[in-house]
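Just below sit the structures, each encoded as structure tokens.
Look at the two complexes coming up: subunit A is in both, with subunit B in one and subunit C in the other.
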Partner chain A sequence: MPDYVIAKDKAAAWLRRLGEKYAIYAPAADGIAFARTTDYASALQPSGNTRRPPKEMFLPAGQMMLIFRQGEQGMQVTEVAPESVASGPRLLVGVRPCDAAALSLLDLVFSENYSGYEDPFYRAARAATPVISLLCAEPLEGCFCGDAPAVDLASPAADVALVDLGDRYFAEARSETGQQLIAAGEGLFAAASDADRKARDQLAADLKARTTEGLPLAGLREKLRGLHDSPRWRELAQQCLRCGVCSFLCPTCHCFDIQDEVVGCAGYRYRCWDTCQFTDFTLMTSGENPRREPPERLKQRICHKFEYLPDRTEMVYCVGCGRCVRLCPAGLDVRETIEELSGVHAP
Partner chain B sequence: MSTPRNPYLPSSARIEEVRVETPDTKTFTVVFCDDAGRDDFAYRPGQFAEVSVFGVGEAPFSITSTPTRKGFLEFSIKRMGRVTSALHEMIGGEQIGVRGPYGNSFPVQEWKGRKLFFIGGGIGLAPLRSVINYCLDNRADYGDIEVIYGARSPADLVFKPELEQWAQRQDLKLHLTVDAGNEEWHGRVGFVPALVTELNPSPANVITITCGPPIMIRLVLQGLAQLGFSDEQIVTTLEMRMKCGIGKCGRCNIGRSYVCVDGPVYSLAQIKALGSEH
Partner chain C sequence: MSDIEQRIRDEAKRALTERGAACVIGFRQGRKPWRVTPHFATTPEHAEKLVWNNACAANLATYIIAAPKPVAVVLKGCDARALVTLLQEHQVERDQVHIIGVPCAGMIDLERLEPRNSATWETVTGLDGDSAEVVVTAGGKEYRVARAEALLARCRACAHPTPAVYDILVGDPIDPAVVETERYARLAEIEGMAPLARRQYWLEQFERCIRCNACRNVCPLCYCRECIADLREPRFVARQPNPEDNFLFQCVRAWHAAGRCVDCGECERACPMDIPLRDLGRKLEKELRDLFGYEAGMDCESAPFLAQFADSDEEKSAAGRE
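The block that comes next holds the complex of A and B.
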């Protein structure tokens, strides 16, 4: 698909036009999460990243799945139509390449291909929410997306991939939806030149160089197979407070719980984020718990991302966004864990 | 293209009958409230369903009826936690939700022409009952069928009327045992693994299928290995905490295998290939 450029002073006009069709979400000024905005002039900021990844736009922290009501004819169960979960079309603007890659990884998990069933809530949210990415100007402390095989900094997995070229944005349409988004800005875009493309590639290459630490994310898979019984898990887990922040803030973590809530003679079933770092995650009613102890839970988190999911999808479920590195209250650094495990041989 | 059915949406079903099996286990006969629910639910022996008590929650249960006997589902449920306790409070006519069927199933096609040796303990007979009755309803397809079943006490044996019927059959050999007897019990007293060793089955052309409490399974597997059974000849079911049942919610994996979609039926060879978690 062709590449475009748009002058910076025209980008707000483009977003304004898109805002007529879409509710536009961009990183909030406080840096915490994506939030609805009509301040189109400041929606595209290439610095930093949100503390909470945009996955919550597709897999909300809590999501209603069905409603039930005790009526005269018995229990009436009402489907919460997946189509209505997303309240009208939304547009995510300013998603970082790591988080865009994470969405493409979540797409695999929630697809029919993955387990024989498609998740209708996730599918509906994705279909109603195109994504415009923006290359970061600077990596944050702890970023290592350059090492993540799923992340393509020059051409991330978004509908439109933007790169800040100083006085203009480079814009690549990566899907048919992306093509339409750019078409909505008719008269505002120009065709990209080879020099623009070169400038884009250079910026992506520079960022990749700065976020590459040489961590063997893909190679860990084979190593981990021999480490299931390693005493290293116990040592690594010693620092862990089991707060679950690493998985709640991870853009690829997707585990959820399903619960019922009763309100009078009616109620609803919902799903909410859950984490393998909590002991009751795998606690069965019989009292059996195969992952009772912290080392087993740390092993699950690492192996799920770097061995089990790669076995199922051929993709590594870490995009190097660095959130777990920056926000772990105990100072655990997954980069060190990866380094250590890839250097440790099976006992 | 039509939108596929929302897999999280249960079908309404009615409890037709509740049978008290033991002091803590009841069998629920369940019928779908409408044709669509019934037609969508074509199951194979060994599969499970997510059963809803609306307002309390959902839990996975193996289907203990056999698909060869149509028009109803049966679940044998031990009172353990919130959902099972709520189910135990329910009576005939009450409404529940059922979605599924989920999981793989016992490879009954591969077993054709083989002798089958079923080893069950406690409520572990529930999933075995489905496949035992399936094989009895297709009796000509299989060689000798033997069933070893044990429970803590005579009162803890499930499906007693059916066990009596099985005992009468010429084409099934039933061995019952209890961990501790009482004055009314004239049968065998002892643990299931010891009985397996005592019966000393020859591994030739035999598939063993075992289901029961973890400690029983562990000892049965050891015993079968000593008797010369290969890992491919030993089939069991694995339990994990489950929520979604459709391979999305991420908790029931053992290594790379999601028990809800890749299991719950595994050969011992498959379990060993999953790594050291079990």
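The block that comes next holds the complex of A and C.
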């Protein structure tokens, strides 16, 4: 598909046109999350990233699945239509390459090919929500996307991939939907030149150099197989506080719990985020808990990302967004964990 | 390496070799000058990794209950006050904890430094300074920021920088730099709101909460074996975050900490959503101060505040609510 450029002063007009069809979500001014906006001029912010990744647009922290009521005719169950997750077409604008890559990883988890089950809620939300990515102008402290095999900074997994070239944006349509998004800006875009493409590649290469630490994210898979019984997990998890910061804010973590809310004889069933870092994640009714302490839970988090899911999908489930590094209240640094483990010899 | 850092290492080694400590809890350096993480030293060699700098914000008292005993621990003024509460409540016995007290000039809030120098974080190679200023070395240049401006909000309101209880004090006692009129500044604003507006304010704050439990788990005083946030039967709060339940959970936490909270501010530092959690605890702390002249965490010999009763206690309520 051809590449385009759009002058910066025309980008807002493009988004305004798209805003007629889509509810537009962009990083909010407080930097916490993506939020609905009609301020098209400031929707494309070149720096920073949201604390909460955009995964919540597809896997919300709480999501109703069905409604039930015990009546005279017995239990009446009404399923929630998956399409109701998004109340209409939405457009995510300004998604970072790491988070865009994370969505493509979640696609695998929630698709029939890999998990054996096509998740209707996730699929409906994805279908209703195209993604426009924007390359970061500056990495944040703790970013290491340059090491993440799933992240392509020059051409991230989005419908339209934007790169700020100073006075204009480079725009690559990466899907049919992306092509249509750009077509909606008819008259605003021009064809990209080879010089534009070169400038885009240079910016992506510069950012990659700055976010590359040489961490063996892909190589960890083989290593971890021999480390399941290693005493190192105990040392590595000593300061862990067992909170959910690292996993709830991880753009690829996707574990959920299913709960009922019941008042009287009616209620609803919902799913909500859950995490292997919580004590009761694996608590059984007998009282048995195979992952009672932080070492076992750290092992689960690391092996899930770097061994189990790679075994099934050939993809590493860490995109180097750095959220767990920046936000862990105990200063646990997954980069240190990766380095330590890759240097450990199997017992 | 600072003199204090060397003395912490020496005291840690002494605790391990001469006092029979099973473990010394302190801080070690992470990958960057501003990255520090709790460190658990069980041998003199491990103790060589201990550091002391401007980023030692974590309250290590949180780790004491679960630690193998006897344990030695590096505590700042606020941390030591949290330990006093644990001692009052017999969660740990005094002879099982060897306190390496360190007077603290306040810990740095990276977010306050960030906009003040143009250097990007990857070029920062040092984060030093003295009691007057913080010196950020970045790209070979030094940026100086007045310490008071660089500190975490909780440190700017700290009235007890020197540990109230310790076995050995490393460094000279530090006078509090807190400005009394600023101590409850943000609180006064919230108190000034009409009740419905105040409720709205808090619900908006808790709109962001993802219920990661970082506030609870980082709190040295939140040691309940079973927390209402985890209970499903009976169910107090829903598992899925929602502003009402998030707020309810925090109100329960605040009431549980009444007379115990020492305003170490860890809940607020840990919160990834920037919810001003300290204000809930400080409201109760302030009322206790106004009503009874009580400050939590100052005297490990006395009974917990809520277990104290004196005939001389007056029947009165907080100012403005007679």
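One rule holds in what follows: the second predicted complex is superposed on the first by the 346 of 347 C-alpha atoms of A that agree within 3 Å, B and C clash if a C-alpha of one lies under 4 Å from a C-alpha of the other, contacts with A are read in each partner's own complex, and residues count from 1 in each chain.
Here is the rule we use: contacts are C-beta pairs under 8 Å (C-beta built on N, C-alpha and C of every residue); 3 or more make two chains touch, one makes a residue touch a chain.
The shown structure was predicted, so the numbers you read here are calculated from the model rather than taken from an experiment.
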Room on subunit A for both subunit B and subunit C (clash or fit): fit
Touching partner for A:51 - first (subunit B), second (subunit C), both, neither: second
For subunit A as apex, the angle formed with subunit B and subunit C - C-alpha centres, to the nearest 10 degrees: 90
Subunit B versus subunit C as contact partner of A:285, first or second or both or neither: first
Partner chain in contact with A:267 - subunit B first, subunit C second, else both or neither: first
Touched partner set for A:257, first subunit B, second subunit C, both or neither: both
Partner with the higher number of touched subunit A residues, subunit C or subunit B: B
First, second, both or neither for A:329, with subunit B first and subunit C second: second
Which of subunit B and subunit C A:74 touches, first, second, both or neither: first
Touched partner set for A:312, first subunit B, second subunit C, both or neither: first
Least C-alpha distance (whole Å) that remains between subunit C and subunit B when both complexes are overlaid: 8
Touching both subunit B and subunit C, residues of subunit A: 257, 259
In the complex, subunit B residues that touch subunit A: 3-4, 6-10, 12, 52, 54-59, 80-81, 84, 95, 97, 214, 239-241, 243-244, 246-256, 258, 261, 275-278
Subunit C - residues contacting subunit A, complex: 30-32, 35-40, 58, 62-63, 110, 120-122, 208, 210-214, 216-218, 230, 232, 238-242, 266, 269-270, 272-274
Touch list for subunit A against partner subunit B, complex: 65-66, 68, 74-75, 77, 79, 82, 109-110, 112, 114-121, 225, 228-229, 254-260, 262, 267, 269, 271, 274, 276, 281-286, 288, 290, 300, 303-304, 307-308, 311-312
Footprint of subunit C on subunit A - complex, ascending: 30, 32-33, 51-52, 61-63, 138-141, 210, 238-239, 241-245, 248-249, 257, 259, 261, 270, 272-273, 278-280, 327, 329-333, 335-336
